Amino acid sequence: MKESKIPVAVLGATGSVGQRFVELLANHPWFEVVELCASDRSAGKKYKDAVNWIMATPIPPQFENMIVKKCETGLMARVLFSGLDSSVAGDIEKMYAEDGCIVISNARNHRFDKDVPLIIPEINYEHLELIKSQKYKGAIVTNPNCSTIGMALALKPLMDNFGIETVNVTTLQAISGAGYPGLSGLDIMDNVVPYIGGEEEKMETEPLKIFGKLKDDSIEYADIKISAQCNRVAVLDGHTENIQIKLKTKAEPKDIIEAWNNFRSAPQELNLPSAPEKPIVYLEQANYPQPRIHRNLGGGMSISVGRLRECSLFDYKFVALSHNTIRGAAGGTILIAELMKAKGYFDEL
Amino acid sequence: MKESKIPVAVLGATGSVGQRFVELLANHPWFEVVELCASDRSAGKKYKDAVNWIMATPIPPQFENMIVKKCETGLMARVLFSGLDSSVAGDIEKMYAEDGCIVISNARNHRFDKDVPLIIPEINYEHLELIKSQKYKGAIVTNPNCSTIGMALALKPLMDNFGIETVNVTTLQAISGAGYPGLSGLDIMDNVVPYIGGEEEKMETEPLKIFGKLKDDSIEYADIKISAQCNRVAVLDGHTENIQIKLKTKAEPKDIIEAWNNFRSAPQELNLPSAPEKPIVYLEQANYPQPRIHRNLGGGMSISVGRLRECSLFDYKFVALSHNTIRGAAGGTILIAELMKAKGYFDEL
Amino acid sequence: MKESKIPVAVLGATGSVGQRFVELLANHPWFEVVELCASDRSAGKKYKDAVNWIMATPIPPQFENMIVKKCETGLMARVLFSGLDSSVAGDIEKMYAEDGCIVISNARNHRFDKDVPLIIPEINYEHLELIKSQKYKGAIVTNPNCSTIGMALALKPLMDNFGIETVNVTTLQAISGAGYPGLSGLDIMDNVVPYIGGEEEKMETEPLKIFGKLKDDSIEYADIKISAQCNRVAVLDGHTENIQIKLKTKAEPKDIIEAWNNFRSAPQELNLPSAPEKPIVYLEQANYPQPRIHRNLGGGMSISVGRLRECSLFDYKFVALSHNTIRGAAGGTILIAELMKAKGYFDEL
Amino acid sequence: MKESKIPVAVLGATGSVGQRFVELLANHPWFEVVELCASDRSAGKKYKDAVNWIMATPIPPQFENMIVKKCETGLMARVLFSGLDSSVAGDIEKMYAEDGCIVISNARNHRFDKDVPLIIPEINYEHLELIKSQKYKGAIVTNPNCSTIGMALALKPLMDNFGIETVNVTTLQAISGAGYPGLSGLDIMDNVVPYIGGEEEKMETEPLKIFGKLKDDSIEYADIKISAQCNRVAVLDGHTENIQIKLKTKAEPKDIIEAWNNFRSAPQELNLPSAPEKPIVYLEQANYPQPRIHRNLGGGMSISVGRLRECSLFDYKFVALSHNTIRGAAGGTILIAELMKAKGYFDEL
């Protein structure tokens, strides 16, 4: 029944992540978007006039004429999905959390706050408990960086089964990861940009928190050495990552592939609406995965891996691919919200 | 004087490397293309009718109506540039070498023949002496793979100054490296193909021979450990490489940059027509080098490097870029020929 | 019930149109693909090994290991979808029609056979009656060229309501229209190819037959003057067409837009499985339609139109967009089959 | 001698047209860039720090550290090349003209001022006389829109030889025409945008002034009917135009091709430094011209035409191609300056 849905709002609804929230939440069984919030420049306009819609499907009709609101307190919704730009996300998200809202954010600002969990639902859902130590009336929960998520998911079953000592990763990232307008066509057509500001640092540090252990009311960081090199390529959606790993205990290729293929976690067990049946899909074909063919596996929520082979400098090398604006942003954030609802975190709203 | 130019032929003249040979040799001060050879399918036709010209400038007028010949003995030219496909290059090149021609080849077939030098003129010109032990009336000299050349050039001054223990490389390679027609537009637009058949093996083995030492009449391979991961991206020309290195002796970033910027070698000292003034250009801007902007530095014969920074898993990481069909193929091969002429290897032809 | 589905086969199943047939028929409520046929080179292999799959979703699992057959008589299926290349389609399709099969073809070979209908289900379904005069034991029915279909659909309601005297069209066509491998990435990246062999002739003649009148057992061609200019652009799917028209009777812009938006025809009335609810969607936004955003409207079976405005040389100009491999090829062909089934043409099979 | 060069400045030097000015003027035999002017945001910075350089060759070294100035009076240079954005060009150009400078502008603001000439040097150089009636101490001269220039040049010899009644044009325009950053990569990759604000109006009106006759101190507009449809495609540089024409007097295809190939005008006769030997090149190959292959003909100053064929609705149709930021912007503007110098317009500066 529509009446029983939880009313939610999207912050930064006109941006590229915001658009993806709008698209993915349009027919959500548990959540109903009742408010779209954006910058003062957009506020007061119909959504269809305020947004430069770049999704591959048209604006869901129910949102076309919804009037965009400012990012101010006093919203009807108590669960807020934030696709805000990091230049403003820090303060606005804090404002809403103080106002009693649960903000689930895709922005980087609060990711390393001591009491803010940085969640990938299949990996560290137990970190959600951290919010109980937050000083806010509401809470802030964060989603990791898009390039971190694909890598961390690929590493999770190997971490569990064999342990990981070092990770070396080189990314070939889609331009949608830079938001909209993001890269000029003149900068990326027939080109590679071998630099993404702050991205390598995020990939080298976020996994340490994600794979960390909840001890009392803080996270004890994991002990993994990671080096990242990040590149932007002429792809619309889908981050491709060339990953090399050194394991703690020996494993055969077939063990690794089996660990990937058999991996299931809380979102699958709880049957969350956005949870892919298989979080990780191993592809046998030598030239797979490829972003245009595989980014939409599991509705964009599965990651795919392939080309597992031995490496003379590490133990193994392989390729991982994830949809950066679905699993890596809006979809991953929605999955956190679903997990929180299933675990009772929204009960008192 | 035109009369004094050395007559040369291009083998595989209708392919993508062959076209680049034709373009680069059109106004060469030392060599004059007197014959264009290709498959039986093209033989007998005017070059402009046999070729699907894909260069960014039109066919040089003097070649438009030149009749394409079969790859048979009896050519006027004694110096042959081979852009043949590896499916046929092995036998044809051998045939010409037995016939007394000097074949300088871009094909992989003879690269690891014990008595065939694998040359990057700035690195191991002294290996040319190997041809004296060849059983051919003529000789075969080979040019390395396009992805090897950029990397090897970037490594050379570091090898000389600090020594190198291990190299880890991930490539983002242009589609022209796959020849013509090569990749279908449907396979590469909005996509990455994280696999290039045989490429990783070439990058892991060719440098061992190139950096090897000439001992008597064979090459003693260098002792470096290399791991390579190769990807095809939507770029027309220019291979971008993310490289990590472990040095034998400690070096500061400024020492490394100085080593790159000061690097000069035989082609520069001999003032060879195709030699770039600076074989290696270090770019300071954080998001450089980029294939579309820097592939044509030094007429496509300079490589560019940038983003040198420390690495937690190796000593340093950086980005290198080279024009894969100029420095990495036709231009590099022509530079070998120029070096051979300057060193007297063509004197007896 | 699965048992009650009509068994069908796909001819040319490894090509780009064939792949689209396989994708679209994977879960079809009326048809079940029981055989995949292709060239001798592919025959005998598992489909997954024979095909270079280029769709944006993986191969439907039930077809992965299906053994590809030769294009020979003796198939189980009596309804055949042909995505054969025109170099072989003529004879093979005739062979099957003589054998008693109903061949619904996307190839151009039989389109202008006097007794072969050239069908767009929303426009001229009554032409299907032509097959009764065919000499075959079975029958051949054809689907028009991809660039014709989008234009003809856009013209249909205007033809019905106002009459059309002249049509001038310039196309910007997707590369998937050239099949696989089709255009080399080197030919189309950062480029336009302002020529598509035979395409302009098809666009200038096919509509005359499609809009013709069935008289006894032949088609009396429509009297429209059409001029076409065809270009290939760097788009994966979706043909964009700039169209100018001169009407027979005066019409206001709002009349034309209303005619488009209200258009419904037999496939909609019969509720055919692949029929889009709205065959034509008019988009108000000034810079719409765009291939990447609108090609999938109605599951790729709706066309979209926009930018209707007066023209100083004709009466009106506007932009039309259609998905060239769904509505313009495999999907359109399947819709013909659905129409034939609904109209009883398959009853005696 | 360097001393004798005319000192010039570039207005809007950090924009995409401004960058092209800087590139093309770097080694100009007559002009020396002594000042680079831009917005207040850029003023005071070194050029290399103020600009996001997008040309395919690096910044000419002499400009790297030149300090960018504000657009204020008091410049050393008296000849100014304006690549200013139209949002500010109107006032700034007027300010400089009042200050005594000759402003040669690529912006649209003053193109239709009654006393401002709109010049294509090969077509209507005699319109330069208009500036004598300007009220400014200096003068303003304008360059037409990039999409107009290619078309107008292609039409000029036909106008002279056969007369033209009507012109119908559909464009496929490069993204560099939108300036920098211009189109987001997310808007143009795998896409067409069938709308460019104001562009169709420019193409329909500018040729009327360009082909007009100078009568006393104003231009009597030409009597041609033009209809334009403009599209943006995924091409970096080079506008492709599908053109249809109705002539006043009958002409055979060979007459038209001869008229194109033989066309020479004032810039060629005066041997201006930027004048291409052949302003128009007819290409015989069926699928030519193509932007990536032909945009740089004549250093980007020649236009190319091809595919001349009869048209059932007009007399002829053909394809024209021009480099939009060289011939269609900075290069065309520089050619105007060269013409003015050669004709003595700079003598009194």
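We just call them A, B, C and D in the order they show up, numbering each chain from 1.
Following the convention adopted for this analysis, a residue touches a chain if its C-beta (ideal position, glycine included) is under 8 Å from a C-beta of that chain, and two chains touch if they have at least 3 such contacts.
The structure presented is a predicted model; accordingly, all values stated were derived computationally and were not measured.
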Chains touching subunit B and subunit C alike, please list them.
A, D
Work out the mean Cα position per chain and let me know which chain is farthest from subunit B.
C
Where are there more C-beta contacts: A-C or A-B?
A-B
Using mean C-alpha positions as chain centres, tell me how far subunit A is from subunit B in Å, no decimals.
42
Quick one: subunit A and subunit D, Cα centre-to-centre, how many Å?
47
Between subunit A and subunit C, centroid-to-centroid distance (C-alpha), Å
39
Would you give the residues of subunit C that are in contact with at least 2 other chains, written as numbers and ranges?
54, 189-190, 234, 236, 292-293
Write out the stretch or stretches of subunit C touching subunit A in their complex.
53-58, 189-190, 292-294, 296-297
Residues of subunit B defined as touching subunit A within the complex:
166, 168, 170, 172, 189-195, 197, 204, 225-227, 229, 231, 233-236, 240, 242, 244, 286-293, 306-307, 311-314, 317, 319
Residue numbers on subunit A that touch subunit D, as the complex places them
16, 52, 54, 175-176, 180-190, 234, 236
